[in-house]
Amino acid sequence: MITRIGIFIAIFGLLAGLGRPLKSSAQEELTILNVSYDPTRELWRDINAHFIPLYEKQTGTKLDIDQSHGGSSSQARAVIDGLDADVVTIASIIDTDAIREKGLIKDGWVEELPNRSLPYTSTLVFIVRKGNPKGIKDWPDLVKPGVEVITPNPKTSGNGYLTFFSAWGSVVVRGGSEQDAVDYVTQLYRHVPVLDSGARGATTTFVQKKIGDVNVAWENEANLQVQQSNGALEIVYPPISLLAEPHVTLVDANVDRKGTRAAAQAYLEFLYSDEGQEIIAKHFYRPSNREILEKYRDRFPNIKLFNITEIAENFQAAHKRFISDGGVFDTIYQTKKGS
Amino acid sequence: MATNRKVLPGFSLALGYTVFYLGFLVLMPVAACFLKAGSLSFDEFWKAVWTDRARSAYLLTFGAAAIAAVVNLFLGLIISWVLVRYSFPGKKFIDSLVDLPLALPTAVAGLVYSSLYVESGWLGQYLVPIGIEAAYSRLAIVLVLIFIGLPFVVRTVQPILEDLDPESEEAAASLGATRWQSFRSVILPTLLPALITGFALAFARGIGEYGAVVFVSGNMPFRTEIAPILIVARLEEFNYSEATAIAVVLLVISFAMLVLINMLERWSVRHEH
Amino acid sequence: MSIDAISRKAPAEAAAVTTKIRKAQEDPPLVRWGLTFVTLAVIGILVIIPVVNVFTVALGHGVGAYLDNLFANKDTFHAIKLTLTVAPIAVAANLVFGISAAWAIARFSFPGRALLTALIDLPFAVSPVVAGLSFVLIFGLQGYFGPFLREDGYSVMPYLLSGIGALIGGLVYFLLLPGNPAARKGVWKYPWAAAIAIAAVTFAVLFFLQQYFEVWPRNQSLKVIFALPGLVLATAFVTFPFIARELIPTMEAVGSDEELAAVTLGANGWQMFRHITVPNIKWGLAYGLILCNARAMGEFGAVYVVSGHIAGKTDTMPLRIEKLFQEFNLEGSYAVASVLTLLAIITLVIKTRLERKVPASAALPGPMKPENK
């Protein structure tokens, strides 16, 4: 009887002990969480490996940087729902601004860091199979008969809607009418056999499952794939594409609560340092520092990158007009259903 | 049972804990869903759950589940027939493999099915050239749902078939009925309740499946997008109320299905005796 | 009348009858071969090829690479550990619930019994994504309890732990209460008053101890969603019905006669439970446990929504499969998949063994137990 009571007390102590959080909040160790979008895994792995020792040397604080990757919008949703992100580095201002709307990021965050909080920009290019058998050089080639295009779902993926904006802009910016643009994107999405939910899923479909003739992908993703493919894939730069702007920012509410503001700030500022910019260029993101961009010019062919403002007021307006329910994408997709 | 309460201990404790745990883990979340969806006016609710895109998603979810269940009805009948009536080497092994879909994580099923049927896959290399695209198509969804629903018809029909009274078949045979006649007029009616139950179970399971389908479907709005994916898409547009509205529709339909299955079950038990 | 009954007749007569039945039940060879072929083909294509495929790809680069993929990769190894933490907690919680639900439903009649039985099935009707979503609605930052948990989340812990303590206190009292009313003396004399008193005292003592020693930090956020508790809740929700569904019919089938006898003879609740109830339901219990565990380890949709996908922190094995696949690490992803497949096969083997002991098939929702022969 007494032993039994003893066992219960022991179990209880154990439960209490397990549930008890580690109180050792000695300032030497800090964990910060970087919530990012899909194709940046390799970039951040590299950045973290360089930044952590540097920060420890400078401040004596040992940093642990956790990474979370996923579709840009679902990552934003997770932060809104309480994922403890210290910094968000997601694909587009549409998603970052949704977090601000919930009050977790301060108004005016875009101006907090240099170059409108853009340590790098990117664009969309084509990946094709060895020897480019379908002769794909430019956007109109994507709708040639027999060409299958792989691109993620515009409804759920940053890569997906940026592809749509790019395709639209490739017509309108070069002087085509809106009707031409509608006709073009209607044609384009008829050539898409699979709409994966995220950029990585689409690339996996193209590279590993060998579906499709061309993959419209992030520039960095395209280069990574081509490097790893041992010559089975090639990259094609269309003459014109969209300037994509993946902003970075602190999540003010979280860094203030967790006391990680200084570390998170230093982390993001590191991206603008020469060392950070070099790493960024190495991973095929276009660095914001002109000199370093020129230094790696051979990696970044000089194609015409048009601004979102050439097809809409801003990213949010473009998303609303083209992608949201009842938008242009829905209209063309429904005509597709009938065909 | 009435006397149990006076003699056996722990009734109120067991019942109290059961209700508490059920309430905390199941009813509270479900109620939260309804509450959130309830923040919409009727018009908004209707608009959220009855868009063109939502309609085609429901149609696909229920259509694919129904087709898969019908296919399973036939396959399940054949398999249970073979497992009960015939003997062949490795029968026990095949018998236990029927249950694998119950134990295999659906993410694994989705992963494997999606890579088996693409053009470079083990089976896709033969099927795609002859025009059968069983990856990233509606066919892919049906196929993976057949896999997931496979055990249900077999496991409901098998025990009934085992217990089947041989006398009636014998009687039919002695009255000069052919094998097919005696199957149709003697065996099939007895199996009917079990077949219906198995069908309903496979159907219900198919409606709820997410993990496997999301891997193989390709997620194309209006074509291969199932309803749960639509919920996720709504969430990613930061539209919580509309997401829960669709969730509530699915939930009500699935629970109705479940109640129906229970009623069928009772009906078939009564039918048997 | 069954074959058994027939064979109990005079041997000669039985032999004659059986031959006749054989003929009547026999199909033409063509049909037999055809149907057997269909069965083998269906199982082969639907089940065997996928399983073989998993192991072939996983072991494609040799056993060394396979083991490296599982154990040398820090994040993968963490995912395995996380799954081995989440699944047992969820299963244990559902086990306690299953036993108490089965005890209440199979042993007693009360108003709302049918409703309660139906509600236990409810999680089967909820799409896993919806399950995950509803926990986000409750515990997420925009949800009902989210802001509070973020401000001062740990303040619920003393209540929670003390509540569990009080429950266990009351339970222990009832389990040790002598079955025979005549033998109830001292603290056993007024069961209800004593049980409530014990529960209250346990609650107060535990609560006081936790406050006095400041076990829990103040004004700190308690993470539920995007952390271990959220994963456990989502997993427990999805696997909620399995054990209860299995135990209720098992207990009903066994009947309460032996338990009534034990209590009448003066056994207390614990003795009755240990010596009568557990041996009677142990196979059903084991059966429910392994099915529940298999589902808990493999759950994808619900945990996908509540995980937050922090590499090396909140990725379970099924989520890790997807992530590795997307990092173009096909062998790694199939290696994890092969572990889960192996688990499924082990589950099947145990299940087949157990099925000889339990007549029912519990994986099926609905009261679909084939009647006991």
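Of note:
Think of it as A, B and C in the order they're written, each chain with its own count starting at 1.
Please note the rule applied: a contact is a pair of C-beta atoms (placed from the backbone, for glycine too) under 8 Å apart; a residue touches a chain by one contact, two chains touch by 3 or more.
Quick caveat, the model's predicted, so the values are computed rather than measured.
Placing every chain at the mean of its C-alpha atoms, the farthest one from chain C is found to be A.
Looking at which two chains touch through the most C-beta pairs, you get B-C.
Computed from the mean C-alpha positions, the centre of chain B lies at a distance of 19 Å from the centre of chain C.
Mean C-alpha position of chain A lies 37 Å from that of chain B. One inter-chain figure worth recording: chain A and chain C are separated by 39 Å, centre to centre, where each centre is the mean of the chain's CA atoms.
For chain A, residues touching at least two other chains, in rising order: 80, 208. In chain C, 142-143, 325 are the positions where the chain touches two or more neighbouring chains simultaneously.
Residues of chain B found to touch two or more other chains are 115, 214, 232, 235. Per the touch definition, chain C reaches chain B in the complex via residues 1-3, 20-21, 23-25, 27-28, 31-32, 35-36, 38-40, 42-43, 45-51, 53-54, 57, 93, 96-97, 100-101, 103-105, 107-110, 116, 118-131, 133-135, 137-138, 142-144, 167, 170-171, 174-175, 177, 179, 233, 236-237, 240, 256, 259-260, 263-264, 268-269, 272, 291, 294, 297-301, 304-305, 318, 321-322, 325, 333-334, 337, 340-341, 343-345, 347-349, 351-352, 361, 363-368, 370-371, 373. Touching chain C in their complex are the following residues of chain B: 1-5, 7-11, 13-15, 17-19, 21-22, 25-30, 32-33, 36, 75, 78-79, 81-83, 85-86, 88, 94, 96-109, 111-113, 115-116, 122-123, 146-147, 150-152, 155-156, 159-160, 163, 165-167, 169-170, 172-174, 179, 182, 197, 201, 204, 207-208, 210-211, 214, 227-228, 231-232, 235, 240, 243-244, 247, 250-251, 254-255, 257-259, 261-262, 265-266, 269, 272. Chain A meets chain B in the complex at residues 71, 73-74, 76-77, 80, 98, 153, 155-156, 192-197, 205, 208-211, 324-325, 330, 333-334, 336-337. Contact residues of chain A toward chain C in the complex are 4, 8, 12, 15-16, 19-21, 23, 33, 38, 41, 66-70, 78, 80-84, 102, 198, 200-201, 204, 207-208, 228, 257.
By the touch criterion stated above, chain B contacts chain A in their complex at residues 51-53, 56, 114-115, 118-121, 135-136, 214, 218-223, 229, 232-233, 235-238.
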